[in-house]
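Please go over the structures that come below.
Next come two complexes, and both contain subunit A; in the first it sits with subunit B, in the second with subunit C.
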Partner chain A sequence: MAQAISPPPEVVREDGPARGGDSSDAAGLGRVRAAVFVAPALLLIAVFLVFPALWVLYLGLTNYRLTGVAAAEPQFVGLDNFIEAITTPAFWNSTWLTVEFVLGSAVIGQAVLGFTIAWMMRDRRGPLKRAVEGLVILAWILPSAIVAFLWVALLDRDGGTLNAVLGIPGFAWLLDHPMLSIIIFNTWRGTAFSMMLYGAALGNVPPSHLESARLAGASGWQQLRDVVFPHIRGHILTNLLLISLWTFNDFGPFLLTAGGPDGRSEVLAVHVYKVALQAGELGHGAAVSTVILLINLVVAVFYLRLLRSKK
Partner chain B sequence: MAAIELRGLTKVYPGGVKALDALDLAIPDGEFFALLGPSGCGKTTLLRTIAGLETASGGSVVIGERDVTALQPGARDVAMVFQDYALFPHMDVTDNIAYPLRIKKVAKAARHEKAAEVGARLGLDHLMDRRPGQLSGGQQQRVALARVMATQAQAYLFDEPLSNLDARLRLEARTFLKKLQRELGVTTVFVTHDQAEALAMADRMAVMESGHIRQIGTPAEVFQRPANTFVASFIGSTPMNLLDGVARGDTLEVAGCKVAVPVSAEGRVPDGTAIVYGVRPEYMTYSAEPADGAFGGKVAIVENLGASHLVTLDVGDVIVQAVVPEGSEPLVGDDGYALPRRDRALVYRDGELV
Partner chain C sequence: MTRFVLGRIGFYTLVAVLLAFFSIPLLWLVTAPFTSDPTYEVKVPDFTLDNFRAVLEHPYALPSLWNSVVLSVGSAVLVVVMAALAAYALSRVRLPGRDALLYALLLLSSIITGTAAMVPLFQLAVELNLIDSQLGLILILTGGLLPAAIFMLKDFMDSTPKSYEESARVFGASPLQIVRHVVVPLVRPGLATIAVWAVANVWGNFLMPYLLLSDVEKQPAAVITYTLYTEGGQANLSMLSTFGLLYSIPVVLMYLFVSKKYGFRFHGGIKR
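And then the complex of A and B:
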């Protein structure tokens, strides 16, 4: 017994100064050694995440350009870029289109379709379930360039598959309905994530709760309202947060419509690209990026507030 | 309130597992009925088929005058208490109790009044605005019971209602449930794997094994006269002695001892028949002195049961157990004699009671 008890005091003596009575030091490394272990990761984060973010903030305050005199010697211009950004009609057009894009393709499209598929497949086993899930996930894992090519081939005015199937040759989907096209495209592309997340969440709803509701005579919709949604509320909000932000910053629409025709599908991510890289106004683009960052923060805070409210 | 009748009820799961095999069962109005059996015997499937949560593969379920076999669970007018109580965590006690009424579109004031009335009856009146997560196991169970009572269903179904309670609370809840059922007078079927629970609470019980009912009867009938060796070995907190033997004229030769033919089997076991002799340890008289017709052997183990002791005797190469009142327990290694009560001993032939 005495032997079994004696080691701990020795350990304390050995590491005593480094620990400094810090109860959060679970690994027993001490501050210095722990810092050495974390340093490489922190360095990478600093170089590739923190610095570029701060650099964008700085650029937004200058008249930096891709080419010309301002590229060599950028001048500090204060808030001019920000004022220009939010007074440009194209910016507000893009913001509104982005809201449409997020609500249409993420909140309504991906989340609703993903949940519907997960709910319908929840009790199924066998080939049908595997086929549906396989197809949905395939849309998610294909590289963007391939997906974009497939959709251009599908929607093409003259040789497109869709027009051939519908028997309406010459119908210009991407020109006449650019927003509808990219909303359906992004729904198709991203539904897999919501489907898988909701599928996992539905597995956590206790069967006895659903059965209890069924015995009370609850309809399918009442079971969803009273049992399923309250149980997976956290999953729903987390999913909406993620897909809203991803869709908000998605550059995929550019591959289908290039923001056109005439800016009618120019969501904010495409707007920044056009301002900063096509027009070469890097300072202006950086300012727009900063505004997008702020909007993202607002969206995230909104969801996190909801998530925390009355658990 | 209504009687429940099952006719040729069969349930075959995909994959060919036969959980229920052409069961016939009649439960009269107002009875407290237990379904007892080891796990996998089909008792829960039977309860869920009555509820409509499982679809019968064959046969019919009749509740009251209605054949409900094809009806949805919500249309059968039965209420169920689940093993985990299935209380909705985001609703307070009032809303949980009133939930079935809400689905039936009872006005808010009326259903809250009903919930308060039922809740008060079960001693929940000071907990009505708590969430289930803030209640103890026993309180949660009473909320689940209150939800069932608020529905005024034709029959109640309880799935292992006591198994989530700790041991001491379980005894209290047992008494409470039995009293409540008696007062309400609603036909109630409950499932349990604990034979003591079934014996204690039920008016009548069915003992099930692999999809078949092996015996139906009152707890006293099932305890005293198990219809077959399966029921005999399953019922009883100390297992029944089941010993191979042969009929020899007007005595039985069991484990090398000559014992009298039990009263119930007199004149019904022809000479030379192979039998199984069954007697509960409680129905044995233990003595240190040799007695006529007793099992004699060496005491191998003495187990303390509280107010009595369970003595295990090595009789030849089989063991015989007897319950001995406190104060007269033997020591391990003593010679002992266990005399079965002739009016309580039983004889089984081919597994069935003679």
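And then the complex of A and C:
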């Protein structure tokens, strides 16, 4: 499924009579027609989004398999899948790799790099800014299968451009350093969102505050710490929550390393795929999916509360 | 003064590093398609067009691009029509439970991702006989995109003035006429944005078609690309690079179109 985007806080507004009477039914639609308008969308969402999410909870409690006897007549096995999941070293290995992946590529990579670029380019206009931003955005909008292959080519052991540039032919990035490879890859891939969000946020910092800090002799770092960060704290939190959520659910590493070698880059998203669809243990995979859903739920609720409190 | 000069040097060094980091992986995509017998290494192209012939001759290359068009346009049409109807009704009529519904939509769109739902969606597709059905995949993709689309469009409709609808009503237009002839033209930029967003999303989507379409004649370009570079020994690089370029160009064009026409500020943005 496509990555859904939640609008950034600027566009989320509570509506209500206070804001010019949004709910006034200007065209005279009426409740019945309104309900008919809403129904088709809700039906599709119910069948293809809500139902699967609820069903995964049930599937996790069965011994469903892709093939064999358990495929035809699955049995209810209670919490066995969850116990199996959390007692397998592979699950904890994947969980740990996912933490590394999210912290390394989202929190450190994308957020820091995105902020750095936004900060460097804040007062600039012209071709340099357009070139930097254009390239960063290009990395973000190209299809995932293509960028993954571009990195396969870049990191190739013998003919890859990176080894040629660094002068270390034969260095096997994807085999010897799979996690580092997917972390750098995902940083490259996703920095655009953070860059644009921080770019917009920095535009809201009053220049006069920065000016007076500068006149008071504050260094660049002091300006950042005392003026900029307090102003954009909400944006930073929004940014970190969203990119963590997306990175956590990102299937991109599969395209680059397929979880290998020997599961050394098998983040949870890839782990689910391998357990459920390659090994055919749907019940076990559903249990892992449930864990992912719960983690998503915690992050998303936190994010929505943050949006509410900002109003 | 020295401090200033050092600052400038530091700035431009950092910019150079950033430009290199972001452009080097992309170089191969623009050089290899025009190079005879490309390798993984980036070389100065000799501007041959032979590689494009390899794409034309490949049995699945062009059909897969067509499949991508079918999937993304099909999903975009469904998303725009359904989300526009729902968003308009939710924006103008205070249906009972509306705020809770909107909150639930926002929550759903962020937590039920392809990764979290791949197992039940695969199961559902098996049960409903939707494996290898492009229509089934379109419905599943549409269901995934709708919550965010409704949310963004409702916001857009909230900020559209109602005075036109009111005056049309004064002149005796029926509600459906008003929606058709007054509202749709007014919110066209919003509809266009959502359409582009949906197309870009489905165009780049790999996971869902990879899971649900096993018939190679129905697979979109994302899956064919992956097959081309993972299966069967040495990848055919002249074919793959050229195909990749053709597959990438539409997204770049859409991005340029959106940023030129509406300014690329992300009201939801375009993300895979």
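One rule holds in what follows: the second predicted complex is superposed on the first by the 263 of 311 C-alpha atoms of A that agree within 3 Å, B and C clash if a C-alpha of one lies under 4 Å from a C-alpha of the other, contacts with A are read in each partner's own complex, and residues count from 1 in each chain.
By our rule, a contact is a pair of C-beta atoms (placed from the backbone, for glycine too) under 8 Å apart; a residue touches a chain by one contact, two chains touch by 3 or more.
Everything numeric in this text was worked out from a predicted model, so none of it was measured.
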Touched partner set for A:G217, first subunit B, second subunit C, both or neither: first
Which of subunit B and subunit C A:G159 touches, first, second, both or neither: second
Touched partner set for A:A27, first subunit B, second subunit C, both or neither: second
Touched partner set for A:P206, first subunit B, second subunit C, both or neither: first
Touched partner set for A:L256, first subunit B, second subunit C, both or neither: neither
Which of subunit B and subunit C A:L135 touches, first, second, both or neither: second
Which superposed partner A:I243 touches (first subunit B, second subunit C, both, neither): neither
First, second, both or neither for A:L174, with subunit B first and subunit C second: neither
Partner chain in contact with A:P230 - subunit B first, subunit C second, else both or neither: first
Subunit C versus subunit B, contacts on subunit A by residue: C
Partner subunit A, residues of subunit C touching it in the complex: 11, 14-15, 18-19, 21-29, 32, 39-42, 78, 82-83, 85-86, 88-95, 103, 105-124, 139-148, 150-152, 155, 158, 162-163, 165-166, 168-169, 175-176, 178-179, 182-183, 197, 200-208, 211, 221-223, 225-226, 229-230, 240, 244, 247-248, 251-252, 255, 264-272
Residues of subunit B touching subunit A in the complex: 51-53, 72-75, 78-80, 82-84, 86, 88-90, 99-100, 103-104, 151
Interfacial residue positions of subunit A with respect to subunit B in the complex: 206, 208-209, 211-218, 222, 226-227, 230-231
Subunit A - residues contacting subunit C, complex: 1-8, 11-13, 15, 19, 22-31, 33-35, 37-38, 40-42, 44-45, 47-53, 55-56, 59, 64, 116-117, 120, 128, 131-132, 135-154, 156, 158-162, 164-165, 188, 193, 196, 200, 245-246, 249-251, 255, 258, 268-269, 272-273, 276-277, 282, 285-286, 289, 292-293, 296-297, 299-301, 303-304
